[in-house]
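Below, each structure is written out as structure tokens.
One chain, chain A, appears in both complexes that follow, with chain B as partner in the first and chain C in the second.
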Partner chain A sequence: MGTPQIPAVSSLPIATSNLEGLARRSEAVAIPLAALLVGMVLFSVFIMLVGKSPLDFFDIMWRGAFGSWFSVQNSLSRAAPLLLTALCVALPARLGLVVIGGEGAIVLGGVAAAALGWWVDGASAFIVIPLMAIAGMIIGGLWMGIVGALRHYRAVNETISSLLMAYIAIALMNQLVEGVLRDPASLNKPSTHPLAQAYRIGNIPGMDVHWGLVAGIVACIISWLLIEKTRWGFAARIAGGNVRAAQIQGLAVGPLIVGFTALGGAFAGLAGMIEVAAVQGSANASLAAGYGYTGILVAFLARQNPLAIIPVAIFLGGIDAAGGLIQRRMDMPDATILVLQGMLFIIILFSETFYGRFVIFNPDLWKRSA
Partner chain B sequence: MAGEIGLWGVPLAILGGAIRVSTPFIFVSLGETITERSGRINLGLEGTLVFGAMTAYGVAVETGSTWLGLLAAALSGICFGLFHGWICKFPKVNDIAIGIAMMLFGTGLAFFFGKPFIKPSAPHLPAIAFGFWSTIPQVQAALDVNVLFLIGAALSVLLWWAFKNTRAGLIIRVVGDSSDAARAMGINPNSVRLLATGVGGAFAAIGGAYLSLYYPGSWNERISSGQGLMAVALVIFARWNPLGCFAAALLFGGAGALGPSLQSVGVTQGYYLFYATPYVLTLAIMIATSSPGRSLAGAPGELSITK
Partner chain C sequence: MTTKLLISRRKLLQTSAAGAALGFLPYSGSVQAATSATVGFIYVGPKDDYGYNQSHAEGAAALKDIAGIKVVEEENVPETVDVQKTMESMINLDGASLIFPTSFGYFDPHMLAMAAKYPKVQFRHCGGLWNKDKNPMNAGSYFGYIGMGQYLNGIAAGHATKSKKLGFVAAKPIPQVLLNINSFLLGARAVDPTITVQVIFTGEWSLAVKEAEATNALIDQGADVITCHVDSPKVVVQTAAGRGAFICGYHANQSPLAPDKYLTGAEWAWGTVYKMFIDKLQKGEPLPNFTRGGLAEGFVKMSPLGPGVNAEGRKQFEATLAEMMKGGFSVIKGPLKDNKGKEVVAAGKAYPETAIELESMDYLVDGVIGSTS
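Here is the complex of A and B:
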């Protein structure tokens, strides 16, 4: 998008002095942290304007998010789907694409898993659970792969098409859940047939957090290795900087774009499968709970770095987990969390403008200022 | 219901529905056309629309005047637009990503301040009964045209004319096609884009005000079904032409009215799929009208979304 981006020097295998490398690396940590701090200060002003105490707010938020073992587990559970849906944004972003419709892959992945679990009812769980995961990933991958293919082969803008596809996916899910896949016993809340208990995903031993968290962390590590340590990741970064240059170099840009969007979609589809098998027990309208949209925020806060997604997802999972407590204790609407998220999002995007501007972080400016 | 005129009820209901459903699309897409013609894209109009819906409803409840509500919504939309326009002038700030963030922020603020207005009911915007000559209730219902639709129709003609024939229209087009050419003419592209985004925000907020003050005519957290975003796609389909926006909005409105119209004559199969018609239509149109290797006819040269 816009001007071609040159890969950051720090990530090239050129030996620079340790000090210079350190300066560039600390920039990538210092600026987002400073932005986060500024966002919190601005949000405090907002809280004061509506007549509440920011100190109370952050105190309650801390307690609701990470203050006790119970709340930590709650935050980690909420982080699990965010890890996967953030990858649905971060992987295509490596190629310069802004994909925001991960919600569609979640709901369809969840429906596919629930349908499969019902269809093969009776088979061994050791086969069925992996099959459900694969079904969710295939459907999610296909769904988002279409977005990538449309982008490359038809030049259809991926931001808008992914979002339209999310609306279509939710309509499809509603149609299936209220139609052919509906469990006649689900009266008030139309759902698919509940999964057999054997097919449910349990908790990590010693914790009240399901295995989805582990799946999410593993997916983030795999994505990081893919981007940083393989030739596909390297090719994707070149194509993300300048498509024409990549094509001249003989890189297969089309398959790269489709592959990265499809992989992102597969992870989001897996998030849907986990939501069904670990949380809901069946596919229903609760699948469209907005994880796909919060995942966008996670990916941008992590600056599209899969490893950074892990702490950011836990942080936002914590904010999410504290929402209920803030609502009850401070008598504030549940949308307070949305306002905070929106503010942080804007500030983080705004902070992009400061990269390379500070002398202390930019070795190129050292000589000039000296 | 449809007994007297039988299946004729379906096209009639679609016509009436198209007029009702298309109005917010007209306003959001006209606003986005102004913004995009200046070379910037504002995806945050969805948030602006929801905030405009809340503001209009809240002010109308408090003052009893729908027009004051409309005015307040437009002012809030200008603020959101100006903020987007201001923040995007900084280098390396991505207008599409900021739009997504503004969508979240605007929606969050609207839900935050809108909580007390979910219960009380506000007055509605007036409509003009063009169906007075008929005694058939369906015809009357279909031809009950709200004033914002008429204003939107007039505005699309006015904007179409203004882009071609006025100095302001020319300035916006120059800035949208080439920042360098604009600078050579002594125009500051950032100022023009700031104003264009501000006006675009006002239009989007009026679209939102229509949702809460006319159809469906209430304020709740599900007031928007993505109109603000679909309008962005619609602008591309309309090739940045205000008259095209009007026609495309009507088409979308008709598609959106298809499901409820069929339901009214007893077709209930596939209700949710009919609900998806506008989205499928948008996507199909985007696929049909885009093509790799060349930029879209009529696209502003500085627009990041078509690059």
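Here is the complex of A and C:
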């Protein structure tokens, strides 16, 4: 999947008029929404083919995902890890890299955090929790940084190497959790020693959603600022567009590639740390829950834009939250939701080919048709 | 199918404070009799996996005809915050008053967190981890002893094998799995003491490709009867039958997958347990916090013997089963050595299936080819 040739909205030259700017910005909203609508219509046909009512389906989807405060919190809880794992895809994507192995950074970040929490047991939580986060980020960053380095210095395909390294990471986690880091009391589900209660991350006040959501949103905003407002982000976008041109300009492409993949990995490692400290309480095989892979979906649907990751992750969290209610109310298998996700994914990717083609959204075409 | 949210008035009053404020009132509350209840089941994999999850779904299905009981089910729920939210969703949106999270990894921290948060809802977890001193009283555990089932599998396999080599595809070297492997070997050795069992660990509960590779590797090395302990034995059964090997099943009845090659299988009979809980619930009696049982208690059953079991095998199988049903049978008894030559059970010592020592088993007995690490 190549990155679309159309420059991102915010990188366009300042629109000559408000109307033109509005047209361009509407495009970025209208096309995905239209794609969503088409996907829902197609999915309705599928629902009717299996003899169920699409109206009931979307009604239950809405209630399960966003129809009540409980459902909203349910969706937000599920979105929290996806915000960080999507960044592991979106940041390298700005350099034209397709990194899909964020799962590896999650599990190793989680193991690192759990090991540190056990090792320094007794120290103040104000020190230990940030240290655990840093440990998770360093390990995740190193792990994905290797992918970037292999890519730049040895021309190893980053898509394949990141995926294969995810398998290695999971095997490494299993080895550690079943070996040196194992809590002997965890007989039938090998886990690390449980974190002391003081080192657990709680919920956002007034909400039944853990602090991982805030961490994810902050990380998305930082990433957006980095890409859009700093010279490193500018350099990365140039290198992503044309590596040769960037090198001729004297940009340090190698450090950029390694840095961006490592930063993405650090965010995924942070997701692992949060999973341990906020949800699981120890590191074990449950860390490999597939967040790294769902993050790929989120990043592509968000067109690799860190700010767009926020609504997309919440949207996917909502679909996930509604999936359970669909199973229970409509007696449909879990695969129903996978079919819906798959359909939406394909149609939204397909819709990218329409950017710049509609006269109404493209001021360049106005003059031509006038 | 109903889009109406079923919820009792009591539940409605409890939750409407939060719900009403945010316009969450689409449901019509209906007053329900004391004997009616919504019961939630949560599975970690698909309900039709021919394995662990199916065995629970079959148990849940046994409740669907009971008047006043509404069963809600959710499959493929990972052991993350997802399962916590699924439990809450069953409580808040479906009005569930009794929840069975069936996967081992749902217990700590997920079910414990929900049990603390919803003290009026009852939670019963499959896996036998509940501890009176540490865990809330609205939570509990149930589990079955299935080792004797694998021993009976071993007897059927011992009579069917010609190569005297049996194969075992196992997920992880944890106590429950090791007990099954050892029981299978000891059952087979009750037929012929020269029989060996080769074990391959896949490292994951559900990893179809590795399970198929392991099955093929075992058959390549001469094994002609295969059994397993993975979440879904489907791939192992189909691969083994395709290669012409006999199969002993596990978790659920896999004979429809290979009717000619299926000898028997050690199955869970969770319907017994679930019906017991529902019976008590409807009578208004307290639900037990800790329930365990084996073949004799109806928690475990054997699949009907297949055409591959000869008359002699059937005789020994049925005689051993009858002895187990009487009680007092021990699979693990001394003298017993592990496969490194170290004595693990002294002569004269016998562990009944309920023995606590078996729950920390960390060895493979003499005759099993393989290693726990």
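Structure notes:
Quick note on the criterion: the second predicted complex is superposed on the first by the 356 of 370 C-alpha atoms of A that agree within 3 Å, B and C clash if a C-alpha of one lies under 4 Å from a C-alpha of the other, contacts with A are read in each partner's own complex, and residues count from 1 in each chain.
We adopt the following convention: a contact is a pair of C-beta atoms (placed from the backbone, for glycine too) under 8 Å apart; a residue touches a chain by one contact, two chains touch by 3 or more.
Since this is a predicted model, take the numbers as computed values, not measurements.
When both complexes are superposed on chain A, chain B and chain C clash. When the two structures are aligned on the shared chain, A:Pro333 is found in touch with chain B and with chain C. Of the two partner chains, chain C is the only one that A:Asp59 touches; chain B does not reach it. In the superposed model, A:Ile296 lies in contact with chain B only, and not with chain C. By the touch criterion stated above, A:Ala321 is placed in contact with chain C alone, chain B being left untouched.
By the touch criterion defined above, A:Asn174 reaches both chain B and chain C. Applying the stated contact rule after C-alpha superposition, one finds that A:Asn74 touches chain C and leaves chain B untouched. Once the two complexes are overlaid on the shared chain, A:Arg154 sits against chain B while remaining clear of chain C. Of the stretches 163-171, 181-189 or 235-243 listed for chain C, only 235-243 runs into chain B once the two complexes are overlaid on chain A. Applying the stated touch rule to the two superposed structures, the overlap between the chain B and chain C interfaces on chain A comprises residues 171, 174, 178, 333-334. Chain B meets chain A in the complex at residues 43, 47, 87, 90-94, 96-98, 100-102, 104-112, 115, 225-226, 229-230, 232-233, 236, 270-273, 275-276, 279-280, 282-283, 286-287, 290-293, 304-307. Interface residues of chain A facing chain C in the complex, by the touch rule stated above, are 52, 56, 59-60, 63-64, 67-71, 74, 77-78, 80, 171, 174, 178-179, 187-190, 210, 275, 279-281, 284-286, 289-290, 320-321, 324-325, 327-331, 333-334. Within the complex formed with chain B, the chain A residues making contact are 1-2, 98, 100, 150, 152-157, 159-161, 163-165, 167-168, 171-172, 174-175, 178, 293, 296-297, 300, 333-343, 345-346, 349-350, 352-353, 355. Interface of chain C with chain A (complex): residues 1-3, 5, 18-19, 21-24, 26, 46-47, 72-82, 84-86, 88-90, 92-94, 104-105, 108-109, 127, 172-176, 203-204, 359-360, 373.
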